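Each of the two complexes below includes chain A, the first together with chain B, the second together with chain C.
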Partner chain A sequence: MAAISSDNHGLRLVTRYVVLTLIALIFVFPLVFMVVSSFKPDLQLLRDASSIRAFLPVGDISTDNYSAAFERAPIGLFVFNSVLVTGVTVLLSLLICSLAAFSFAFLEWKGRNTLLSIIIATLIIPFETIAIPLLLLVSKLPWIGLEGLSVGWLNSYRVQIIPWIADGLTIFLFVQFFKDLPRDLIEASRVEGASWWQIYRRVVMPLSGPVIATAAILKFLVMYNQYLWPLIVVQEETYRPVMVGLQYFFQLNTAWGEVMAYLTIITVPVLAFYLALQRAFIASIASTGVKG
Partner chain B sequence: MNLSTTLAGALVASTSIVGMAAAQTELTMWYHGGGNEVESDLLDSIVTDFNAAQSDWMVSVESFPQGSYNDSVVAAALAGNLPCILDVDGPVMPNWAWAGYMQPLPISDAALDGHLDSTIGRWAGEVYSVGLWEAAVALYARQSTLDALGLRTPTLDAPWDTEEFMGALEAAKASGDYEFAFDPGMAWTGEWYPYAFSPFLQSFGGDIVDRSTYQTAEGALNGDAAIAFGDWWQSLFTEGYAPVSQDPATRDTGFIDGKYAFSWNGNWAGVATLDGGVDDVVFLPAPDFGNGPVIGAGSWQFGASGTCEHPDGVAAFVEHALQDEYLAAFSDGIGLIPSTTEAAAMTTNYAPGGALEPFFGLSEAQALVRPVSPGYVVAAKVFEKALADIANGADVADTLDAAVDEINTDIERNGGYGH
Partner chain C sequence: MATVKLRDIRKSYGNVDVIKGVDIEIADGEFVVFVGPSGCGKSTLLRMIAGLEDVTSGTLEIDGVRVNDLEPSKRGIAMVFQSYAIFPHMTVRENVAFGLTINKASKAEKEEAVAKAARILQMEHLLDRRPSELSGGQRQRVAIGRAIVRDPKVFLFDEPLSNLDAALRMDMRMEIGKLHQDLGASMIYVTHDQVEAMTLADKIVVLKDGMVMQAGAPMDLYHEPANIFVAGFLGAPSMNFLDVTVHAVNDETVTISNASLDQIDVPHKGRTFTAGQTATLGLRPQYLHPAMGGAGKLHGTVILSERLGSETVIDLALADGSKIIAALAEDSILTPGAATNFDFDPNQAHIFPETR
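Right after this comes the complex of A and B.
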């Protein structure tokens, strides 16, 4: 009986790994195709696309597509813009949204639940429905900068950052996480004479690593993949992000190898960010069930 | 020459340059060529020459990628942030003019002499935009294919009629040498549909809208001629002459690889086809389905935005850009058809005997601009969906009736679009 059970266990394990490997391959294949294709000339890339060769670095392999991609578009500038906008927005979003969530989770004030419901309800509103009103708004907003007072936020970093700092999902994630923290900790801190700011900074946030990682990754993906908003508020190349920059590669005759090279390059920051926060992200999913 | 003389000369020269720059009024310009280095360089050279050639205007260019250009312009118009010089796709111009995004271009008639008519954008009796080039579509084939199948080579004067064209497709299909006899370009969507396929409809005797009034599509898009076109279009797929769907890669290389006997494609693919080793490629005229052979027309053009305070400056720039040497340079650089015969003669591809010369003749002889109406931008999308549905097996008459209703409703909602 013991031998049969052991065999069954081994068989189940093998089956499980085979299934998991197949699923993993399904997710990895597009990335492999992208990277491998970025080293192939267009004609070969297109001809290989319908066979297993599409995933193999065979044939005429070179870095020509990368050179050509850098000549076609200011990729460094686009990546810098996206990383800057995304990084600043993520940091400010974590601060503002966690503060808001702290207030919803721990402070007693009138209308708290109603306002939280309204904020959560905004999750069902697609951005496309508010894009035009928001465009009209930001095009008339004043700004005080180094050159004095000006009107209109178009063609700037701030117009890509400020409207995206606060969002319902991030606030909701923090609220849910904060509600699961032991209330005794908060009450003990209050008894010890800690201010709400001290509790936020010294008690709550140090315990919130998983939700910070989750919120940061989700926000990072949203911001890094921004297309419609920068498309309509940024007309100067100086402020253009990577996703709008992708359009540079679609001409009358699309250079597919360069497209793949560009995509490979702009995927690097996303992978690096995810790998850096991977452990906390998985911990958050395991503890809260929240996933991207 | 001593030092003081040299310094004095330099001072005078720099003063005059600074004075000239200070006197010039800046004209901002948006252009759709972002990502196309050759095109951008050519435009930059025209702008540089223009800025140096006169003292009134200073053009500065902001390039956009073509795929997102129209959306950027519409958003900027809403936000009141349009530049002075706008680059506009020919069939879109009437919509932008009607919406106030553009204003008439005060360009002299003399500057337009000799230009292909389809490169001049007119709306409400006035010139709004002018293009430096044109594009054209032809039926790509191999001479060896025509010979092997025993087919007559059609010419501009004697294009294939319906019977000959369908006979050619049937012969190619029966030969068994090709995956499909005909590649209409189903991998491409959007403007490709009305640009490439509405000429077939027009050759049948129909149209996207009734051009006599531009107030309805009734009869034009669902009359007998249109239904005959729809039946023919559907038969291409049901009879197995053409693939109903196609990936972009196969569109790019299918004809070169010999998967298709005939391909409906633009002049922009001509050089790539030759470079791909199809030495005996021939660019055949559109078939005549009964109402004359037709191909689409109208490419990118320059005009003045509705908020520009210096349309005379825009006109000055456009007149400067219309010089034959620039038209030829653009053609040699990006492969498009120059808008004058003189410029064509200066190019590598479109000069007499050039590899792409047939396209210039096609533009002259068969080109028909898409409906000149602000409502075209909506009608084009409706037309695209109708043709895709018919290709996928939808009932022809019902689909075209529904398309007519949708187009008519849009025209009505917009008060007739100012016609």
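Right after this comes the complex of A and C.
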């Protein structure tokens, strides 16, 4: 009896691992293909693409593509720009959106439910429809910098950061999470004399690790993948992000090996960021039911 | 230490009236317990005193000052929640010191206050733990410690023991009683457990449907309940009620009887009756005893005899089909099915003009 049931159990475990491994492979194959290809000369790369060799580091392996890629484009600058814009936007977004959500979730003011509905409704507006009006707007906005007053935000970091800080999804995620926090904790803090700001900083945010991780990863992916917006608001190479930088590699004849090398390099920050937040992210999916 | 005064306090949510005009006075250092069935508005009343709910109308005074519109933290109160409401991300020490941290107290000041609270609650060894590493009773201790540190004028407790098991509940109940003795602060305590109410309170306020049914010392309420609700709410097993007919109203008493009850005179205690009306007679199970030698005013049949050890509880069927309970001394033996006559002292019976 016992033997049969434990056999059954073992079998089920094996099946489960086989299935999970297959799924993991499906997700990992494109990455493997990218990394492996980045070390192959173009001719071999194209020839291998039709066989299993596409995923194996065999044949003429070298780092030539990487040197070529670095010669072709200022990769370091692009990665720096993207990491800077993404990092700053993620941080500001977490701050601003969580503050907004705090107000929606805990403070009582007239019209807050209506406003929250409107904010959530903005989620269905595709960015492409507002790209041009937004471009017209930012091209006329004033800015006070080191050189004094100027007009127009084009060709800058701020034009890539500021319009992306506040967004409905992040606010919504925070509001949902905040509403599920035990109300007694908030009330106990109030009785103890905490101001709303102190409640935010000392009680609510320290308990919001999971939603902070979720919001951060979602925002990171959106920002790191920015293409259309920087394409139209940034003409100078100085402020160019990685995705726009990709076009350096698609001229006359495409150097596929270099493309793969470039993609491998710009994937590193994403992986680093994801691994850093992975544990909190998984916890948050489990606890909030929100899938990223 | 302080007095608390509620004058015609009302609370409505939309057009639902939850508290319907409550007047309560709490003396300096008094331990007041709000009891009542679920949903009667105990928590709402307590939360209004704390400042966590707006007062719809009426005046709320603490220490002679109107506090209706004062922030919770400015009222000189500390509150202990049913869910403990201790911060999961802080150690016990940080939890207890939270109010002081918020008010930017010095490190020395904090340490002294925490040490004192920990000593009072005997939890010195727990200070560096996190809430997840504590038992329910220990968590409640932390919550009380956090309240003590604030050195409040008034302590507010909302069913602080209801998440604990029976044995622990008794320990903590005694500790809270002792805490009140040691600190001498005014305390308001919400519960629906009448044992907690009877043992802890200087004054019990019985609430029903957002109104005060009666307020007074526990034994006064027990012996002189003002109405059927209070009579039935306090005491275990709860009071028996019989529908009776009033035959005559005398100076001090009314003459009553019913199908199973011989005609008797019961003190009316100033309540108004008219001859011929139906009234309710209240008899505590403890004051009923089997009649000697076949006499006895109350005639019934024993249905069930339960020996609980400390007492024997008898279920009795009366002629009109109603059932009452008698609590007898531990070694009493009555055979189910036997017709039995019971007796009681009419001076310990309660007669109410209202019917149930």
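In this text, the second predicted complex is superposed on the first by the 292 of 292 C-alpha atoms of A that agree within 3 Å, B and C clash if a C-alpha of one lies under 4 Å from a C-alpha of the other, contacts with A are read in each partner's own complex, and residues count from 1 in each chain.
The rule is simple: a residue touches a chain if its C-beta (ideal position, glycine included) is under 8 Å from a C-beta of that chain, and two chains touch if they have at least 3 such contacts.
As the structure is a prediction and not an experimental result, all values here were calculated from the model.
Q: In the overlay, work out which of chain B or chain C sits against more residues of chain A.
A: Touching more residues of chain A than the other partner does is B.
Q: Looking at the overlay, what does A:D184 touch: chain B (first), chain C (second), both, or neither?
A: It touches chain C, and chain B stays clear.
Q: Under the stated touch criterion, which partner chain does A:Q235 make contact with: chain B (first), chain C (second), both, or neither?
A: First partner only.
Q: Touching A:Q198 in the superposition: chain B (first), chain C (second), both, neither?
A: second
Q: Considering only the touch criterion stated at the top, classify A:T254 as touching first (chain B), second (chain C), both, or neither.
A: A:T254 contacts chain B only, not chain C.
Q: So in the superposed three-chain picture, is A:L154 touching just chain B, just chain C, both, or none of them (first/second/both/neither)?
A: Once the two structures are laid over each other on A, A:L154 reaches chain B alone.
Q: Go through the superposed model and pick first if A:T122 touches only chain B, second if only chain C, both, or neither.
A: A:T122: touches no partner chain.
Q: Which chain A residues qualify as touching chain C in the complex?
A: So the residues of chain A in touch with chain C come to 182, 184-185, 187-195, 198, 202-203, 206-207.
Q: Please give the residue numbers of chain B that touch chain A in the complex, ascending.
A: So the residues of chain B touching chain A come out as 30, 34-37, 62-68, 71-72, 75-76, 78-81, 247-250, 252-253, 257, 266, 268-269, 272, 276, 334.
Q: Can you list the chain C residues touching chain A in their complex?
A: Residue list for chain C touching chain A: 50-52, 71-73, 77-79, 81-89, 98-99, 101-103, 146, 150.
Q: Flag every residue of chain A that touches chain B in the complex, lowest number first.
A: Residue list for chain A touching chain B: 42-43, 45-47, 49-50, 71-73, 132, 135-136, 139, 152, 154, 231-233, 235-237, 244-245, 247-254, 256.
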